[in-house]
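Heads up, the thing below is written out as structure tokens.
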Amino acid sequence: MLDPFNLPYVQEGLIEILLLAVAAGLIGPWIVLRGLSFYSHAIGTAAFPGLVLADGLSFSPALGAFGMAGIFTGLSALISRSRRASADSVTALALVTCLAAGVILASDVFSSGSNIDTLLFGSLLAIGPADLWLAAAAAVLALLATGLFSDRWLAKGFDPESASTLRSGSRWLDAILLAVVAITVTASLSAVGALLVSALMVVPAATVRLVARRVSTLQAGTVLLVAAEGTVGLWLSVKTDAPPGATVAVVSGSVFGLTLLARVFERKARARGYARTA
Amino acid sequence: MIEWLTEPLGYGTTLRALAEITVLGIVSGAIGCWIVLYEISYSAESLAHGLFPGLVAAALIGAPLLLGGAVGVLLAALLIVIATRVAGESADTAIAVVITTLFGAGVLLALSPDSPPGIQELLFGNLLGATVTDILTAAAAGIAVLGVLWLLHDRLLAVGFDRDSGPALGISVGALNLILLALVSLTILVAVQGLGNLLVAAILVGPAAAARQVNHRIVPMIVTAAAIAIASGVAGIYASFYLKTAAGASVVVALLIFYLLAAAYGATQGKLTAARR
Amino acid sequence: MTMSDTTSNDPLFAEAADMAAGYDGRPVLTDVTFDVKPGETIGILGPNGGGKTTLFRCLLGQIEPLIGTLVVNATSATVPQSDRSRLDYPVTCLDVATMGALARLPWWRRPGRADRAKAGKALELVGLGERSGDSFGELSGGQRQRALIARALTAEAQLLLLDEPYTGLDTASTALLDQLIADLAADGRSVLITTHDVDQARQWDRVLCLNGSQVIFGEPADVLDREVLEATYGGQIIAIPGEPGYGVLPADHCGDDHDGHVHHGHTDETP
């Protein structure tokens, strides 16, 4: 049963997942606590054409992804500041256009059509040394950032529209958080693909949040959960020949659902207990 | 010059694609205006992603895609409501959890060895593969959607303008929002054939967002949105014909170009909100 | 028109007796006893969070009182503060006024020509006849208020609830609004106006002071003394020399009162 893990590329995938577990496990809680789910998904999606370009022109995919992430974050800041209504519709349009551009580049410009699935949903076979280094860097960055800024991130709410009224110190805090999220998302692209980063970044953190009260337990729990779900997803991916992004998504979603059910039953049981003793 | 315009029209695929995108354009332009005014673009896009496993399942068992999509969208909506209510998650996170999981499940089904190839069609659409049945189905759904929008026009306008005034005006805001979401879902279901569920949000949101930059009254805005949608569709199909690019994706790029033009125009007009205070 | 002109046989538009109301079973407004006669203007004073919005909700029928009774015998409509974010909504002045017609139509009917004509008349009544084709966002603050009043008139509301309509209005617009309110009352409608301006409240028929619970209800000349105002606003009264002598600091601008306690009013009115 454990023989997938004898394969070298699976071992690399495992190392990647564990490194990502540190990064996503530490940063995921902040994504959930500060309402950045859409942002993290958007970074992943926007990266897609960058990845296609990098693939077609043979430069580092991380660079392609970072470039797009930077463009997207910059444009979002511009759009939300202008306060002209329909900011959300413009963002939605921009993201979909990124996907369309990626498709055109992949199918018609570079004719790398078969890679679209890999780029969108991840692939274990795609993990190379560069990806591992990136994941390691993201893990270290996540450790540093949460170590330094956890308290301050918790203390303030995040409202891009009021950014201009904040002291510049707090604006830097937000910028750092957004940047760390973007880097972590980029690091996870090779493993889970552009469309399913939330499977690592959001779903496990949301699951642990159902049961954890304090930020420290939330973070520790999420790291462990991402590691566990990632490993199981990896194993499933090899067994079923499906992309790892998809298997991790289904695993993490199922765990969320079960945890939710468990919490509902626990609450009902407790309520009944109170009723009986009352 | 004329040849350039008429040559693609000699092909049945082009004609059918044009017919399909025209129908979609009219409906999307209309309902897109309400999506933008009610600020539910994110919900619309999420619904589109959420119905993906339904489509795949339908393709796997040979059922009509429309049926699979309908089940998928209902399931997605239901799960989102549950996650939001029960988990106490903010809507953002709840939607992310549900959609990611559903999407992952769809991919698993689609890429498993025994599934028919063509996941990319479901993701990115097959506009050039539109059949007459597709066009007629889209037209039927379109008429239904437009009919309801016409009937509810004033109430949609009133509640979008001032939600709290709904009860005093005899309108159930909850019911109205539900009907709007149902209409959006129906539009997504038929538009998915042409654009795929990753790209469909563009035609729902893009033309309306562009029209809003240009028009300041609701009816002209709807008309402009439909016009922009159709124009983008035609431009995209012609681009696809001559540049050999994917049709659906080309339409989306055309939509973006139109949006940028409209936004530039809107910016030069000066902001309406800077008027006398 | 003064109250003595109305005969005592005219039914009251609204009457509350020992009413309390709130959300999720928790009252945010208690001990409310007042009545509204036809053709009457009533000023509502009180700090933010003191229960004014809750009272309006009760009068509109959106929430039921928790304790006591509230009887409303008139169609009521609220005129909210015109939200700044709705300034680029694609509606004309006439569109907004016509929205009121929906109150009197079954769900399957759309406003027709007759309804639009009625809306047009309402706009003329509030002095916006010439601006009916303009975008709502192009109107000034005072004009937007009046357009929203026209919406209430098209709905044939007899009881109008104006939520801080004077906020941000200049002197000229304020005078126009004063006159409009007086005209509406003269026509037999009743108008309830929330305000933070005590002097303004003195011009109306009666005042109702709310601060989580009802402080007083009666004619301004009789009831608006320093004691009442202090009970309503806490230590946020400043004495302005001259007659009658009391200015009130708007609640938002207040921090500590003289005792060093920060005055918050009562529990938050969450919708």
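The letters A, B and C name the chains in turn, as written, and every chain counts its residues from 1.
As a working rule, contacts are C-beta pairs under 8 Å (C-beta built on N, C-alpha and C of every residue); 3 or more make two chains touch, one makes a residue touch a chain.
Since this is a predicted model, take the numbers as computed values, not measurements.
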Two chains sharing the most contacts, counting C-beta pairs only
A-B
Which chain lies at the heart of the structure, taking centres as C-alpha averages?
B
Centre-to-centre distance between subunit C and subunit A (centres being mean Cα positions), rounded to whole Å:
49
Between subunit B and subunit C, what distance separates the C-alpha centroids? Give it in angstrom.
42
Distance from subunit B to subunit A - Cα centre to Cα centre, in angstrom:
26
Multi-chain contact residues (two or more partners), subunit B
212
Residues of subunit A that touch two or more other chains: which are they?
84-85
Residues of subunit C that contact two or more other chains, please.
88
Contact footprint of subunit B on subunit C as seen in their complex
60-62, 76-78, 80, 83, 86-92, 95-96, 98-100, 102-105, 107-108, 110-111, 135, 137-138, 140-141, 151, 155
Subunit B residues touching subunit A - in the complex, by the definition given at the top:
35-36, 39, 41-42, 44-45, 83, 86-87, 89-90, 92-93, 95-105, 107-108, 111-113, 119-120, 123-124, 198-199, 201-202, 205-206, 208-209, 212, 243-246, 248-250, 252-253, 255-256, 259, 266, 271
Quick check: in the complex, which residue numbers of subunit A touch subunit B?
32, 35, 37-38, 41, 84-86, 88-97, 99-101, 103-104, 107-108, 113, 116-117, 120-121, 195-196, 198-199, 202-203, 206, 209-210, 240-243, 245-250, 252-254, 256-257, 260, 264
For the subunit B and subunit C complex, residues of the former touching the latter:
37, 151, 153-155, 157-158, 160-162, 164-165, 167-171, 212, 215-218, 221, 272-273, 275-277
